[in-house]
Amino acid sequence: MKKNLSKLCIFVFSTIVFFSWTTLYAKEVLIGGAACETGMQAPLDTPGINGAKVAVKYLNDEKGGILGRPVKFVNLDGKSDPVTVGNSALEVIAQGAEFIIAPCDFDFGGPASMAAQDAGIVGMSLCASDPLFSSWSLGDKQFTLSMWNTTMSATAAEFAYNEKGWKTAYVVTDQIIAYTRSLSEYFLVHFDAIGGKILLEDTYTNGDNDFSAQLARLKALDEEPDVIFISSYGIDIALITKTLREAGITAPILGGDSYDDPSVWEALGTKFGSDVYFVTHTWMGSAEGHPDMPEFVKLYTDYHGSAPDTAFVATGWDTVMLFAQAAEIAGTTDGAAVAKALEDNEFNLLTGDLDYSNAADGHYPYKAAALVGLTEGNPSFLGWRNPENPPAP
Amino acid sequence: MLLKHTLEKDLKMRMLEINNLQVNYGPVIAVKKVDLFVNQGETVVLLGANGAGKSSTLLSIAGVANKLLGKVEFSGKDITKFSPEKILTLGIATVPENRDIFPDLSVKENLVLGGYINRKKNNILQDTIEEVYNLFPILSERNSQVAGTLSGGEQQMLAIGRALMSKPKILLLDEPSLGLAPTIVEKIYEHIEQLKKNTNLTILLVEQHAMKALSIADRVYFLRLGEIVSSGKASDLKEKTDFKKIYFGE
Amino acid sequence: MKIINNENTFSILFFLILFIIIYFVNFFVGSAIFERTVTNLFIYIILVVGLQVFMGNSGILSFAHIGFMSIGAYSSGLLSMPIKMKGFVLRDLYPIFENVAFDPILSILIGGIFTAIIAAILTLPLMRLNDAAAVISSFALLMVIHSIVVGWSAVTNGPRTFFGLPKATTLEIALIFSFLTVIFAFIYKNSKFGLLLRASRDNDIAAESIGANIVYLRWFAIIASAFLAGIAGGLWGHFITSFSPKSFYLKETFLVISMIIIGGSFTVTGAIAGALLVTIGYEFLRWTEKVIKFSDVITFEFIGLTEIVLSITIIIFLITKPKGLFPFKEIGDTINKIIKKE
Amino acid sequence: MFLQYIVDVLSLGSLYALFALGLVLVYGILKLVNFAYGELVLVIGYSIFLLKGSPFPWFFMAGTAIVMSIVFSIFTDYVAFRPVREKSVTAVLITSFAFATLLQNAALLLISAKPKNVPMPSFLSDSVQFLGVITPVRNLISIFVTFLCLIIFYQFMKRSTLGLAMRAAATNFNMTRMLGIPANLVITSAFAMSGLLAGIAGTLWMSKIANVFPGVGLEPLLIAFIATVIGGMRSVHGAVLGGFILAFIDMSFNYLLPQDILKFRDVFTFSIVILILLIRPQGLVKGPATGIRT
Amino acid sequence: MKLSCEKITVDFVGLRALDQVSLSVKTKEILGLIGPNGSGKTTLLNTIGGQLKPTKGNIFKDNLDITEFTPQHRVKNGLARSFQIVRTFDSLNVFENIKSASLVSNMNYSDKIKFCDEIISYLNLDRIKHVLANTLNYGDRRRVEIARAMATDPDFLLLDEPAAGMNDDESEILLTMLREIPNKFNLGILIIDHDMSLIMKLCDRLHVLDSGKTIAEGLVDQVKTHPDVVKAYLGEGFKNENA
């Protein structure tokens, strides 16, 4: 009995020593992710993770890692649940992560960035575009790779009013996350500011699967709107579009980067997948999006066996490359130094040129937006846009 | 007495035999030790005050008593562990104490269900329904009426009729007089007697009203506190037994 | 009334020692993740023991408990959130709350009391329902609470993440609250109210015949239970610091019910054992998932595996051990017996 | 406008009625609530999804999916009901809840958490216009299919011996057994029919939402629940009535309530459920007398 | 003290279960309520115990009209009962079963415990005091139920078939216990049992019901030979000379 006990003690002790040794002397740069591979957030995060994996391989194969150290990327599924995201982030930080990739949204990504801030390391969301994802609310080492909704909405509004001449709009806001709310909010403000008229604002909550109430109110309007702005998330976009079209409403539909999801296009199909426009991060289809795009597509195809199908893939690549570039500039992976490098420099990325304001100004991402249109369920690039006077966050 | 039984056993065909039956409901012992038998064509009555274990004995033959020990044999076959539906298929039909007709179904539908095992043989089913209607003409009048709206006596007739629909070899009848006015009880017993006469059906009857039951029974068992305390030919017992002693004690 | 009898004393002492051991194990391990798990465990003990106070003693399955937890989490968060954060999170907040920022622990207590008051108002008429009707009504109550939390954007931020709570719940605080809950549950169980309620659980008609007013007995129990759920919610909210209505829904309900079914709802010991075992199982599966992820060997996703294991466990338990691991006897009873023998 | 409203209520109500009817069948006979009922819609959705690439015509895929729904419904009985049926009402509630969780997470583990597109023939989405009403063909088909199902169902329950046996079993289970009607046959038939109805309703539901994800079963379950509580847990008429009433309530709220209040619609409907349980636990239609549960 | 029913009528759907039944029990008296199956005995007891509301008629305890009282309220006014189907609290031990019932009485806590112990030893339950009720045999459960009813410190005890399912020895023991309870605990007993020999030995007076109506009442020997009683039990056509 006593012998066994001492054996157990030795075992426990040596295990603890071993684990502390592995964490202390790990030579790799560990990039930790808490992005969501499951749940409603997955369609936006999974492509990012896939892109990030390509970037990590590229860094290790071609660039000798970061600061001469090999790079390892581990993502623990955040399961589209803020609590799990927080737990996952803490877990990877405990394993020695020096950089955190947060999910592509404020609601889901916030907890990961908060954990990164507490640990004093840089956290970057793949593509959260709500201005809440700022250094104001999360801390001075937290960034998002995406443009903010101010830019995204203003681009949509200017496209509708200035380019297409749609004067009246109907706006549907999905209540589900901060992103969908602020996207509508800035669209309303900017469309109004440049002279457009909002006929009706309505709300929807993701997962309701029933748009009949809103439809009833829309039909009660005296005039049909020129454009319908649907700020929603995931497959519900297709559901709402389908319901509108089935009820005989033919006005064009406009939205944000949540439309950049092949499953949405598939759900819309050839029948409903026309006259739909959205603002997103970049164009993967050709060199029009970015001169390096064909090269990235090749790397991606080599790694995953199929070509990327959404711009969110590029956000993953960019997030890792941005961290690598900033760390090289700073000469260290230390959180404060990397954050400063990010604030002080301008970066050329697949998702456009990016320049951050300093922490006091919220880490405002100065960035251009890409416009894409759908025809019979197939996307086509309409070009880069830079709104003239986006609303203030 | 014992000798007499053995003789009878040899003379007539044994249909149902119960040995050492014990029935428990949770911790309650409803039937302690019951041995009885019923011969073909006989009408046997089980008498006793309430709580004596009469209904439990009957239900355990029908296969719906949960925990039972001992042995129930039907035509020489051990049916102790058989399911209720299997037992009916063998030819044992039950009319339970509170009749348990299906109140939301019509009289006809109740009867059709009673003939479930003959459902594939349409002509048999029709003929049997006719037979039941002949026996209980009132049911024929109420053919499409919802059973729940029948009077107590009519419900009792329906319950018996339903049981007959399966063309049973033996009928288990549990207190057909319960809750009925004396004149109705009289009528029910007339029907049972007629049934006996017409079909020579074997009947195991449970009753509390001793006199009525004795008048149609061949043999009698007395139950008290889950045990058989005496048995014998109905005609003998009717004269000799001190019923008051059995019912009221000393 | 002599409420701390031998059995209570032994049980309470046992859990005091157990909690202290867990505390020191954590101290010795010294890992942030471990501490997080243990803190979470203590919060869950409050929740499950709180559920036991009602469900165990009254014998009525309640789905509404997680709903009460959400009331505690949101109300305490609303009170303790720093004023600056309120500007970010709750932009349409009513003016009276705009400048409120209480001490988190005070907020948690107020949250618990508030939850108890809400429960008192909502549940009184429901307490006379039995069996399926009682379960369905508690399920409907969960849906009502959930829908209100999702819909009432002004104070809950709607379906979106409610964040910005100060991180106030430490392991020590969770442990202390948890231990107080355990003491309360034991005292309650053996008090007049507890005894009569347990009597009504076994047989309601007989309980009425000895003068038990079942509706009120159940009502007191669910108020106490809701108070504890509210406290657990507040502690959890100030531990996780950001959550959404989805954090208090069917998946969590299932988790808590699993705990109490596996442990045994009739005993406080069972509730604690259930929380402990399910947490250990959950963490083990999560650990497996993590090890696989870090090993780079298998790329297969193990999503949902924990829930699958849990549901199979529950079904097996209900078939083979429907009253759980501790069906009737508290751990103190067993200890008492052992001591008496020696 | 008014006609549009009628068509909307009828098309939604017909779906709700089918869902409610399927739930009430099992409850009627076993007096047990099937929490895994909604997962039949999950089975339908994933079955059609998995058959997507196959060369078979759509109707064959839908038919296969409905067969799968029946199979899973019977499977529910064997996993969640049979082993614990005799223990307590609560035990079955929990096992069926656990079984539902099991199926959802199996879908999560084996397929994906992402919503998957369920193919539907495109004519279902064509709009029809008549008397000022614009509605997709799908809605008219829902109404037609439901009424057809209801007629067949009622005829079956009234005329067939098995239907009679099921009605009888709903009143007094033991007595039906004493008439030689096999208990297992009745129970299995009830689950099979429950699966069939949920399967048909689920296919129509899929044509409405056109995607499937692990949590897809919750809403149909809630619908069936609310409708049966309102209409009567013990009565098939009640369930059908409850379905239409629920659709009427939902649709009226949609048309009448301002959006700020509309988001609390579920609060109202579930409050109605609680109120009915308190005031009239048997629901609007009382159903057959209570029998003995086995 | 006196417990009395006056012209109690209870109607169920389409059935008159009790028809103008009146009876009364005094302190220290044992009244037996008998009658064949379905005669309404348990219905009457449920009406007195408050589990059922009478359609017509009143129940008095002395001069207090308790017809509208809830069961709990009746307990506080000195009525306690046992049930035809055993209704012990199965997950509580014997002591807890009895203690739970004593909680409503007006005694202080230590007196309550003392009183419970007194009842326990009187009914010979000491041996199984700390045993869970669900592990007891049937006879013990019956006695626990009686003890539980007594622990409420009642003025009147309503016992529904306390000896059902007991064997002869157990019944005999129970009989001796019951016999002395009225004097020892200063209360009155209203008892239903099917075991006629027990009833006949135990009761001071009998009250006979048939089909919801009173057909006889009085001293044991009078009732035993009452022709209506005999008819009710044995049916029409019984020849009295057999006695």
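Here the chain labels run A, B, C, D and E in written order, and each chain numbers its own residues starting at 1.
Note that a contact is a pair of C-beta atoms (placed from the backbone, for glycine too) under 8 Å apart; a residue touches a chain by one contact, two chains touch by 3 or more.
Every value quoted in this text rests on a predicted model; they were computed, and no experiment measured them.
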| item | value |
| --- | --- |
| If a chain touches chain A and chain C alike, it appears here | D |
| Mutual neighbours - chains that touch chain B and chain C alike | D, E |
| Distance in touch steps, counted as few as possible, from chain A out to chain E | 2 |
| Distance-maximising chain from chain E - centres being C-alpha averages | A |
| Distance-maximising chain from chain B - centres being C-alpha averages | A |
| Separation of mean Cα positions, chain D and chain C [Å, integer] | 32 |
| Distance between the centres, which are taken as Cα means, of chain E and chain D, whole angstrom | 49 |
| Rounded Å distance between chain A and chain B, as computed from the means of their C-alpha atoms | 78 |
| Touching two or more other chains - residues of chain C | 150, 301, 303-304 |
| Pairs of chains in contact (touch as defined earlier), listed by label | A-C, A-D, B-D, B-E, C-D, C-E |
| Chain E to chain C touching residues, read off their complex | 49-51, 70-72, 75-76, 80-81, 83, 87-92, 96-97, 99-101, 103-104, 109, 132-133, 145, 148-149, 151-152 |
| Chain E residues touching chain B - in the complex, by the definition given at the top | 15, 36-38, 86, 136-138, 141, 161, 164-165, 167-168, 194-201, 224, 230, 233-238, 242-243 |
| Chain D-touching residues of chain A, taken from the complex the two chains share | 37-39, 42-43, 80, 175, 202-203, 205, 207, 209, 212-213, 216-217, 234-235, 238-239, 242, 245-248, 263, 266-267, 269, 271-272 |
| Parts of chain A lying in touch with chain C, wherever the complex brings them together | 16, 37-38, 74-77, 79, 81-83, 86-87, 90-91, 93-95, 106-108, 110-111, 114, 132, 136-137, 175-178, 181, 205-206 |
| List of chain D residues in touch with chain C within their complex | 31-33, 79-80, 83-84, 87-91, 93-95, 97-99, 101-102, 104-109, 113, 214, 218, 222, 225, 229, 233, 263-267, 270-271, 273-274, 277-278, 281 |
